[in-house]
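Okay, so chain A shows up in both of these, paired with chain B first and chain C after.
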Partner chain A sequence: MFKYLLKRLGFGLITIIGISIIIFSVIHFIPGDPIQVMFGQNPNPELMKIAREYYGLDKPVVTQYFLWIKKIIRGDFGISIMNNRPVLELIIPRIGRTLVLTFLGILISLIIAIPSGIISAWRHNSWTDFTVTSGSLILISVPEFWIGIVFMIVFSVWLRILPTSGYIPINENFFGWLKILILPSLTIASVQAAQTTRMIRANMIEVLSLDYINLMKASGVKNRRILYMHAFKNSFIPVLTLIGMQFGYLMGGIVIVERVFAYPGLGSLLMKSLNERDYPIVQASIMVYAFIFVIVNIIVDIIYGFLNPKIRY
Partner chain B sequence: MLRAIIRNKKLFIGLIMVFIFLIIGIFATNIMPYAYDKSFVGKSLEPPSKKFLFGTDSLGRDVFSRVIYGTRISLLASICITSISLLIGVPIGLISGYYGGIVDIFFMRVVDVLFSFPWVLMGLLLVAIRGPGLLTVIIALSLIYFPQFTRLVRSSVLVIKEEDYIKAARLSGENNLDIILRYILPNCFAPLIVQTSITMSFSILGEAALSYLGYGVRQPMSSWGMMLQQSTNYLWTSRNLIIFPGIFIIFAVLAFNFLGDGLNDTLDPRYMRIYGK
Partner chain C sequence: MRNIKKLIGFLLVIAFMMTGTFFLSCYAEEASTVKTGGVLTVAIDSEPMQLDPHLVQQTLVISINDLFHDFLWRWDKDFKEFLPKIAENWKWINDTNLLVNVRKGIKFHNDRELNANDVKYSIDRILDPKTASPWAAYLESIQEVKVNDDYSLTIQLKNPWWGLMDRLSSIAIIPKEAVEKYGDLKTNPVGCGPFVFGGWDSGIQIKAKKFKDYYIENQPSLDEVILKFMPVYNTAKSALLTGDVDLIVWPDPSDLESLQSNKDFELFKYSQMAIMYVNFSTKSKYLDNKLVRKAISLVLDRDAFNTALYKGQGEIGWTPILKTQSYYSKDWEYVRNVEEAKKLLAEAGYPDGGFKLRILALKGAEEIMGEVIYSNLADIGIQGEIEVAEIPEALDRMLKKEDFDISGLGDLISPDPDFFASKYLLSDGQMAALTGHWDNTEVRKLIEEGRSTLDEAKRAEIYKRIYDIVLDENPMTFVAYPVRFPVYKTYLENFFVSGDMRYNWSEMWLNK
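Now for the complex of A and B:
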């Protein structure tokens, strides 16, 4: 178990280093003097001096990279070009909002996917199964942003029960905050649920055909008990891995959903900064995404290690 | 073989749908009643009518013509992305699997990092480096999709290279390149064809999403995703601007998903033994 954990941690570290090199090189691909380009719209000699110092552009490239990494470890992501504030200060509230959306999306998707996957597998080749499988195949063929827009038409324009976009802080109005979150998280959940349902169904069908399940059926154990206590437990391990693996895909989807609903999360900030050429924020937010991604995967690996005795010993 | 195709409904439907989309893409300029960038003055945001099948957009351009032309752009982009992924992914997978050792470890680490990188972020990173444009989208998505081909080919190679006939070929002094191209590559075809179909559907979705965000083709060109860019402004008025490009995306993705699923069943040797010949 210890060796396994160490290996996963090592892999996480390699991923972070790889991504940090890509992110770091962004600034070097800008043709000409990057600082000049960055401040093209509002040159400010004082800030330009700070930025030049921050990136240490006069030093050799390798030194620059290590200096930059050292600063990032200390939490120094530089100064935003557009509003002269430390990048970290601008990013932190956004991280929370994006994580709330992510968590709600995964939660709702599991609430939908677990029962439908199980029923579909249990009634394999029935009409219920056909409906679930074709429904999920269609759902994974629809772009997230289009689902979001259709939800807006249904819930905001026709039914007039939910707002289309915007944001209300949780401490101002809890129900307002919750209402804002419903459509974005439903949008994320719908695509995610389709994929998870397919996975759970495939695994359950395999587990249900194993000898020990037949033995239990023969010895008169109740169906519900077999399904939920035994079969589901064994088919959930691959699903967990799937959630870890798809987390990167999911985070990409959330960036788009934030744009659809004008939700002020990390993704919206990233795209706004990209359009304004505010490179320090772009670099920092992509770095934060990479961190979240790696940490989630390590957590999934740890849970996986505990659930799967083959790895524990 | 033909019997197997007709027998498998998904494969059959998928093939027909893909064929229809290819026809629309190839003959786009013949099908379009108007040019994709022709504005009709005073005819903006018209509802669907006989003259404008899908209505007009805010600049008075025919939505039907733009969707049809968008088919060409979106399919072309997806074909580029998929081909580049194949061209990068397959050779790396072959080399990595066949030679093993340090080469393998190095390539697999690179592939792992790219594989785990959220695809939208890869798009945004490349926009930061290159600026928006269709080429940026193609590069970004190729970088994201080629690792799947690499992994697939590598795992097939690892199995095949232990077969006796490969060992025999090696002992009889055939050179490595010959062995890889003549004996190993053909054995990877079945999973590769399935993966190509799946990657096509992912590419269509990816191009649509990045164009929707405004990082793909530039105005006045059209692609399905780009046509949806301003769609939230028309929630109350012109929903035809939202519905039609969306339906085209969904059907195109479905077509390749059906094809992929169907091929997966048909190319499975167990299936061929039952329905094949």
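Now for the complex of A and C:
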């Protein structure tokens, strides 16, 4: 197990180095640069040259890459070109906020998806099944920003029970913080729950038709025990892969939800920085995503082993 | 007895009248007295890049910086004359020397009194190439700033220049020690404006707290202004409906009717001092022919631009000269004429059009201009190909690579026509790449003459001639003056924003 973990971490490191090269090249080769954005409609070639030299953007891309890596090894992710703030100071709080939103979104989605998926599979081809499957189909088809705005109109504008948007730090007001998180996490959860429900339902239907389940039924094992202890556990492995993928997707994908709810997460910072070509922030943010993605995949692999004794490393 | 009754009656009437007068006066006082205190929460559509007033020219940052900074003088509401601010008064000694007397007793947020050296420092900082300030080009005609004493200075020009006072009306006066302390003011604005910087929560908000030592008595009225970053308009609108914010500075034009019909909201419609234009790369095949450019200018439907961009609420524009200015000429206006345009194309050797042009459209609000151009070109048989690009890519393609045929954009204008002309209509101007470095010897001569001519009548003649040539040659053509309509809750009083997007933050107050 330990050997396996080391091997995975080694591969993870190679992946991250690969990503760092790709992202550095891509961001420097796409049209536009931060100095051009800074000067906007008042370009001045001489002053822009001075600014490029100041930020080291006049050096060859390969040199810039190695300088950047050298700094990262020392724990220095650089400063934002646009406002001179240290990159880490800008991204660390946002990593936490995006992680919280992602966790909450997935948690709520599981709370909805597990019972819905199981009931839907157990009552296969019934009205309950039809309602769950069509409901999830609708939620998958509707764009997230639309669901977010509908939630906002219902819960904030009509019912006035939740704030529309923004962010309150947890140490300032815990309940305020929690209230702020409800609508964005519900928005994320609704789409994710739909996907997970469909996956659980499909796997459960397959598992429930297997011989050992019929044997249990014939032996008089209670339905609840069959469903939760045997069928669900065995149909959960593909679902776990889905959750792992969802987690990776959500870390980057919730940028739309972050924008709709003016939530200051990593995704919205990345989008803003990309539009300003603020290279140090873009590079650091994508490295964070890559790192989290690698870690989540390793964790998912470890959980596989616990769920299925056949899988051993 | 009767007299006593009369006396009592008389006293009762007096008492009644006095009571009535008292209540009436109370009511009148309440209706007219400015209330102090309260927090104004404003939704802004994006987070600024940074806040150093000398290092960035984003209109959003200029509006925000009015909270923290002040200026020597400002244009009045009609852009006719300058109102004193930091400068108590000023006097042109001759055509190239402006004497400025600085008001005494103005304090910076760091508690130090502002003096003439700070004005000199602010101008010198912008002009210093090491600062790499985008404002530097605006002040390049300044030869030197001489401090006469603590409250007096003389600005020397290289040559007579009408635009000096206009440009200086946008230059924030800052304390040197704050720049030395922080390196720059990108995230630590220190000035002498009505509000003190109260923090910037990245991705969330910027806070500005009342500056108690502001030099204008009884201002600001508000205790605090919070600017919340809300990139999605529907979110900002929901927040306005629920009272989470009090003001949205940039509503979506397509929502105008809904906003107007809501009794809780007030709309402040104003013409932004800017112009929307369609520019032609005169280096491109086909567009190097002036007849083709003229044909396209003639077929562009200004009403369609106004409808697409501002739901018809904007104003059609023909030049970057304001219609209220004496330099404006009605001769520049014309009616869209498809037949005439077709004739011009035929004269140019393209009887049915039949060629293709690449339209570079800037992603965002201006994107729709690409669609209008596309559809107008089709009317004379020219096939358009829309290429949408985000701002950095668009800037790169337009200014660096000059890789486009036509594009539609907007830019700020000024009461000084030289502001726009020097930037776009000189082949080496800052934005000349947009016209494929179009060059016209007469225009160049006239621009140089206009810049240093102080006589208004002569200036009017010069700019009339410049735009007569431009509208004939068409390196670019103008389509609309933008309109903006910030929307706010009815309890916000005395809201005002000028055409150059300067908010009167210090005079607004909350009537609740």
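Everything below uses one rule, namely that the second predicted complex is superposed on the first by the 249 of 313 C-alpha atoms of A that agree within 3 Å, B and C clash if a C-alpha of one lies under 4 Å from a C-alpha of the other, contacts with A are read in each partner's own complex, and residues count from 1 in each chain.
Simple rule for what comes next: a contact is a pair of C-beta atoms (placed from the backbone, for glycine too) under 8 Å apart; a residue touches a chain by one contact, two chains touch by 3 or more.
Just so it is clear, the structure is predicted and the values come from calculations on it, not from any experiment.
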Chain B versus chain C as contact partner of A:I237, first or second or both or neither: neither
Chain B versus chain C as contact partner of A:L227, first or second or both or neither: neither
Touched partner set for A:I213, first chain B, second chain C, both or neither: neither
First (chain B), second (chain C), both or neither touched by A:L88: neither
Which of chain B and chain C A:I286 touches, first, second, both or neither: first
Touching partner for A:S165 - first (chain B), second (chain C), both, neither: both
Contacts of A:M38 with chain B and chain C, given as first, second, both or neither: second
Touched partner set for A:G18, first chain B, second chain C, both or neither: first
Which of chain B and chain C A:M251 touches, first, second, both or neither: first
Residues of chain A that lie at the interface with chain B and also at the interface with chain C: 30, 145, 149, 152-153, 156-157, 164-165, 259-260
Chain C to chain A touching residues, read off their complex: 46-47, 49-51, 55-58, 129-130, 132-137, 183-184, 186-187, 201-205, 228-232, 234-235, 238-239, 241-242, 244, 389-397, 399-401, 411-412, 423, 430-431
Residue numbers on chain A that touch chain C, as the complex places them: 30-34, 36-44, 46-48, 50-51, 54, 82-85, 90, 93-94, 145, 149, 152-153, 156-157, 160, 163-167, 259-265, 268-269, 272, 275-277
Of chain A, residues touching chain B in the complex: 11, 14-15, 18-19, 22-23, 26, 29-30, 137-138, 140-146, 149-150, 152-153, 156-157, 164-165, 248-249, 251-253, 255-256, 259-260, 267, 270-271, 274, 279, 282, 286, 289-290, 293, 297
Interface residues, chain B side, partner chain A - complex: 109-110, 112-113, 116-121, 124-125, 127-130, 201, 205, 208-209, 212-213, 225, 228, 231-232, 235-236, 239, 242, 246, 249-250, 253-254, 257-258, 261
